[in-house]
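Below: a set of structures, written as structure tokens.
Both complexes shown next keep chain A, but they swap its partner, so chain B is in the first and chain C is in the second.
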Partner chain A sequence: MELLSWGAIITQILIQFIPVWIALFLTFTVSIMFKRKLGLYGKLFDSPIGMVGYALVMFWVFTAIFADLIMTHDPLAQISSMKNKVPGTPVSGADEGIFEHYLLGGDALARDVFSRMVKGSQIVVTIAPFATLFAFMVGITLGLPAGYFGGKFDTVLSFLANLILAFPVILLFYLLVTPEIVATGLPTYMAMVLFLFPIIFLVILFNSRFFTQPQKRNIMVAAIVGVGGWLYLSLISQSNTPVNFMGALDGFDVAGGILIVFVSVVFVNSPTVFRIVRGLALDIQTRDYVAAAQTRGEGPWYIMLWEILPNARGPLIVDFCLRIGYTTILLGTLGFFGLGLPPESPDWGTTINAGRRLLSAFPHPAIVPAVALVTLVLGLNLLADGLREESLRD
Partner chain B sequence: MGLFILRRSGVMLLTALCLTFIVFFLTNLGPNLEKLAKTQGNFRMTEAEVASYLGDRGYLQPTMYKYAEWLGVKPGFKTVKEDGSVVGRCVRPGVPVEETPEYCGLLQGNWGFSTVFKDDVSEIVWKRLGLTGYLMFWVMLVMVPGALIFGVLSGMREGSRTDRTLSTTAITFTATPEYVSGVIFIALFASSAGFGRIFKGSATSAMESANFENFFLPVITISLYGLGYIARMTRASMAEVMTAQYIRTARLKGVSFRNIVLKHALRNALIAPFTVIMLQIPWLLNGVVIVETLFNYKGFGWLLVQAAGNNDIDLLLACSVVAVVVVLLTQLISDIGYVFLNPRIRVS
Partner chain C sequence: MAKWDYDGPILEIDQLSISFFTRLREIPAVMDFSCVVQPGEAMGLVGESGCGKSTVALGVMQDLGVNGRIVGGSIKFKGRDLNEMSQEELRDIRGSEIAMIYQEPMASLNPAMKIGKQLMEVPMIHEGVSEKEAYDRALEVVTDVKLPDPKRMLDSFPHQLSGGQQQRIVIAMALMSKPSLLILDEPTTALDVTVEAAVVELVKDLGKKYGTSMLFISHNLGLVLETCDRICVMYSGEAVETGSIADVFDNMRHPYTQALFRSIPLPGADKNARPLKAIPGNFPLPHERPPGCNFGPRCDYFEGGRCDAGDIKMSEVPGDDRHGSRCLKWTEIDWDAPMVVTDAKEKAKPGDVVLKMDNLKKYYEVAANAMFGGGGKKVVKANETLSFEARESETLAIVGESGCGKSTFAKVLMGLETATDGSITMLNQGIESIPIQERSTDTVKNVQMVFQNPFDTLNPSMTVGSQIMRALEIFGVGDTVDARRQRMLELLDLVKLPRAFADRMPRQLSGGQKQRVGIARAFAGDAKIVVADEPVSALDVSVQAAVTDLLMEIQREHKTTLLFISHDLSIVRYLSDRVMVMYLGHVVEMGSTDQVFAPPYHPYTEALLSAVPIADTSVEKEHIVLEGDIPSAMNPPSGCPFQTRCRWKSEVPGGLCEKEVPPVRHLAEGHQVKCHLADDILARMNPVIKVAAE
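And then the complex of A and B:
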């Protein structure tokens, strides 16, 4: 077996990604065929920039979904003879029947860089959008009333938001995510507060909408509180932390460190979302349709969630895309400082951190996840740009 | 105007007090103090030894008491040991017991003592801030003109090919966080695998004598991320100004395109980027922490990581005060500057 040339490496990588290419092709054909019926999403396919962005984002989403098919090796397996080997090195000294090359080389612990990058996409693509979604729910639930009612409530919340924003992000991470602080259970208590907001948000959302049909409303609210409550309790009750009370009823445990990383990222993001939503609410509440709703005698929460929020969706969707990118960067920052996730975790930030020690001698273990991270964030930025352009057009 | 600045300063003071209290509270949680005791004493201390170490130095008092001591409104805690030696908050190595002051807090101008560096906090912070200031100076020198040229060039003819190319480049810059661009730059320009070792991958030597070889990569790494963002804001602002009525009038009068851009559009187009540049400074702090860690340049960002990693309470508090002051001061300057640049806005 000999060293692969760059051409052969690229061909082999393209072959490995075949499931992704098929999925991307199907997504694009179907979307372009029905683009006139798909609203804002369909209009995205009129903008070349938006399409490139969407393709980049979906590439990583499909990579995360099909990761097990794409990976050539186990991301944690070490083959001792492959330490720091250059891309395309044939695997030697291992059992028969595994993939014959380390396509993008081996890292300092002799693991396959390519497989780790693919596996890492799963962590990034799951945490970043969910964390952003949670941050949006927190920001919306607090920002709408702050903008709509104003007064003392607004002053206090705005002060708190500015307080959190005045912290350098990295200091905040160091204060929240170190093992000592985790031992006190502080992040878990923060999770208890922050994860309550999605439930509150959904309950208020449906309660205000179906207030006039009590029967329907009761079923919906009961369903949300039931399902949401169980998810909430399972999520915050983790074995090996101070908060562990569910016992046999505990549905699932989140793998080590992920919950803490998730909480801190939500916590850092929500003040900014709060400020954006508050500003939008201040602006939109002066419109005529809000006055009309007030005259009809609609409740304040109905006006906020069903009159103001839908009309603020344009800027919010654009910001949502940008913010997922920003969250990805934050996750990488956490990994870069070795905070939160365990050191063997294949997520991109942690991998870059592990690779940077030997950077000038063996750059490939750090470069591969770095390029992966840039393409995802770039995709999200381009997507946001395309969406902004298309939503401004009408 | 005076009242405005006064009120903002009040808010600033309140924010700084709240922030330092939060930092104080978090660094004084049980496990953190235990870690502090073990790193200061030795790692094989028993529970009782940890408790007596912390108790002697006043770490086990209620948080409010300790915070008051740090502020300097309460006398510093001290214990006289059996052998006559004194330990406590205000005791410094090398200073005789009789000269140890009663109070040692912010109000006395004493920022405390760093447990990691065994030195006065204010001295360490000033030294490191100087190094970071030097780095920031060069970053600003590269970033601001670069971003403005980028933005103006792409904004003056919206939708043209130059605009598309430059805008896409700017988006790429904003999508590349410092730890990624730094890694890529080192791999390309400071390793044998890329274009050879043109620059140095470490900026440690730049602390004594900075030159192009050891300082270019850190500066460019910090600049790029902010550059993209400011360029996009400038572009948006420039594009908006170029559609204004007075530009059309000037064009109809026959003023050359060059003069329209330089004399008519530019001044109005630069109002928005000014705010963005000022508000970008606190963000640069983030970049500084990453880049100083990556390039091993021992400035303020590096200090922050050291203080946070070792739970050096006094040093961390001083760092957060500096950070808060930077954030709030830049906000204040951007608000005031905005009024000066745009006479249509009045501060009330």
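And then the complex of A and C:
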């Protein structure tokens, strides 16, 4: 068994990614075939920049979906002879029947860098969009009334948003993950508040639209409160924390580290979203269709959520893409500082940090996740650019 | 190098074709366009939006953007072909030899630079003159455009000036380097009528003084009549008729020009006896133009197999001065035949009083310091002692320029604001202090509104049908979704839109169609009172007539009271029964349409009447130009609100105008005026508009 050449390594990696290539190919073929019927999403395929960005993003999304097919080794398994080995090193001294090479070498703890990178994409691709989505719900629920009503309410909320934005982000994270603070339950209490917003958002959304048809409204609101409430209670009720009341009804526990990361990311992102939404609401509320809704006696929440919000979607979608990228970087930063996620976690930030110590001697354990992070964020930024460009065109 | 001498025409455009290239297809914007502008001549370019008139202007400036390209023909400026010039040479010419004035004055000025600096840049760049000389020139030009206190003007930023003043500065900037050709692209559309009249007057005078040739682009035929020597009517990318003003206005030789004139409310048109004649159909989209004559499908004289056979060339009308028409049949049409009056309608009888306002006042308190709420409070009097009655199936027009308080009045009536004092009685119910949230569904659906801007009136993210259905839902019409859907389709029938439109998005509709949907939405709950806030002013001329007619027809059927807010006196004269003229929150004159449009006038009404351009060569207007701008409502003048601009002020003894707000005086049955002028002076007033004997 000998060392693989770079050509052979690249070929082997491309082969490992076959499920991703197939999925990408299918997505693009179908999308381009129907691009005239798909609205803004279809228009994306007219912009080369947008297509490249979309391809990069979808590459990582599919990688996360098919991670188990792509990985060559268990991302946590250590094969002692493989410590700090260069890319392409054949595996020796292990059981029969496993993959024969460490394609991108081994890290300081003799784990496969390639598999860890692939597994890490799962963590990044799930947390970042969800955290961003939650941040948007919080930002929208507060930003719309602030812009629409203005006055004291707006002044107070804007001041709070500025206060949070003025606080150094990293310091805030350090505070939130300090064991003493976690023990007081502060992050869990924050989760209680922040995760309440999506439910409030959805209830208001449907109530304002369907209050004229009480029956339909009642069913919808009941469903949202039921399902959302259970999810919410399960989420915030954690064993081994001060907030633990669900007992047997508790649907699931989220790993403590992830919850804290989630909370911090939502907390830091929502003020910016708040300000964007507030600005858009201020602009759109001067339109005649808002006046028309007012003159037929619509309630303020209907106007905000059904007249203003849908017409603010263009800038919001673009910002959403950019913000996922920003959140990804934030996650990397958190991992790099060893905050939140456990040290053996394969997420990219943590692995970059782990590889940093021996960077001059063995650069590959840090470079591989770094490149992965760069390509995903670049893809998201290009996608946002493409969307912005296409949404502005006729 | 910039200037060279040339004796021939300033601008010769020969068979110009311009196309825009999108990712789907090539869109021809201008086809086979020819025109000649002689030195000192003013050429008017008229047409509806999308007809390519602005594209011609941009073509002359060689500024078509990345998608546009000149695909044929030549543009010769003083004998030199602009198409063949290098970027360097073009830069040299733009701003010094050819200057352009755009529609929106605020967008044409750099908000971060002082006026003086922006003006001085022009000669400093193009002629390399010294700063001192440039400053002197700027001062001279600013004085020329009749701005008060020129030195202070040069030292201020654009946002410190009013819209009218800004447009004057833009004109001054265009004149800084004494250009040979001035292109004006709808220069007064964003301005109020009385300000517009003053700006137009200025442009005319300056054109004479500097000997500048002008290319005046407008959709307003009346404005072109007042400013230009020659006119070119465009339709869907082609010039359809061109000639001198007198020839085209009095001896039109193209069916489109004729249809255009028949669709605008000229004096003499009457909603019952002689209604306007809308041009049927819609303006063709640039990539869906019919074969042959572009106007064919909407033309009364269309002849299949001939008009749609092939391209039609301009043909000369013999005897007239360079008068041409792009019509195959112009020699065969009887141009003197009177317009066929479709069906004269019975005048609707006003019924009972449905709306009564008594001494309505609306004041706003504005804190001088918004941040900390301290400091003195200012009171803005948006509406001052408004009293009137409106009857069933009556049209009451509310006329006034921006800032006169008509929008505030509408807000108070709709319940978006509550009145400070006074009462509003609608159907025997006082509603002055009930905000809209607390009004009953019945009250809300009885007063509805049609908005001004068709592109803003519909929610762009909802289908047309669901927007109307939402209104029905809120008004409690229909018990089931199916019942409401049925009612929605009926409403679409009512406004004469195809039922298939229910599933369309607003962006797929034209301006006029959107406005129809807005009307359907307003009538969703069978409204008794409809406030129409300039419902047609943003529409193209040919569509205006159709939408106006529709409103009148629905009104006739439903016996609706229509409160028609407008600044366009031609249309007000055409459709209203009574008129109320407002200025700075005061009702300065009110009476039946005949009373308001005939002397004695309130001095403001007189000026307003004179300011409105009328596209009829047989109309003689007395020329009254108001000085200055409308005062701010924050800081109204003492005494009579109009005294700062009134030309009759000297006729009132003792400076009474500056001391006291005039009382309301009843001149005749139902005719009231708020003015200090003595009866004998009012009686001396001459009619502003005189139709010459035919």
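Throughout what follows, the second predicted complex is superposed on the first by the 393 of 394 C-alpha atoms of A that agree within 3 Å, B and C clash if a C-alpha of one lies under 4 Å from a C-alpha of the other, contacts with A are read in each partner's own complex, and residues count from 1 in each chain.
We adopt the following convention: a contact is a pair of C-beta atoms (placed from the backbone, for glycine too) under 8 Å apart; a residue touches a chain by one contact, two chains touch by 3 or more.
Treat the numbers as computed from the prediction; the structure is a model and nothing was measured.
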item	value
Which superposed partner A:Asn162 touches (first chain B, second chain C, both, neither)	first
Which superposed partner A:Leu233 touches (first chain B, second chain C, both, neither)	neither
Larger contact residue set on chain A - chain B or chain C	B
Which superposed partner A:Arg287 touches (first chain B, second chain C, both, neither)	second
Contacts of A:Ile200 with chain B and chain C, given as first, second, both or neither	neither
Partner chain(s) touched by A:Val221 [first = chain B, second = chain C, both, neither]	neither
A:Asp46 touches, of chain B and chain C: first, second, both or neither?	second
Chain B versus chain C as contact partner of A:Arg296, first or second or both or neither	second
Which of chain B and chain C A:Asn311 touches, first, second, both or neither	second
Common interface residues of chain A - those touching chain B in one complex and chain C in the other	none
Contacting residues of chain A [partner chain B, same complex]	49, 159, 162-163, 165-171, 174-176, 178-181, 183-184, 186, 325, 329, 332-333, 336-337, 349, 352, 355-356, 359-364, 366-367, 370-371, 373-374, 377-378, 380-382, 385
In the complex, chain C residues that touch chain A	22-23, 414-416, 436-437, 439, 441, 444-445, 447-449, 451-453, 456-462, 471, 473-476, 518, 521
Interface residues, chain A side, partner chain C - complex	46, 212-213, 287-289, 291-292, 294-299, 306-307, 310-311, 313, 394
Complex contact set, residues of chain B against chain A	11, 15, 18-19, 22-23, 26-27, 29-32, 34-35, 168, 171-172, 174-177, 179-180, 183-184, 186-187, 190-194, 197, 201, 282, 285-286, 289-290, 293-294, 304-305, 308-309, 311, 316, 319-320, 323-324, 327-328
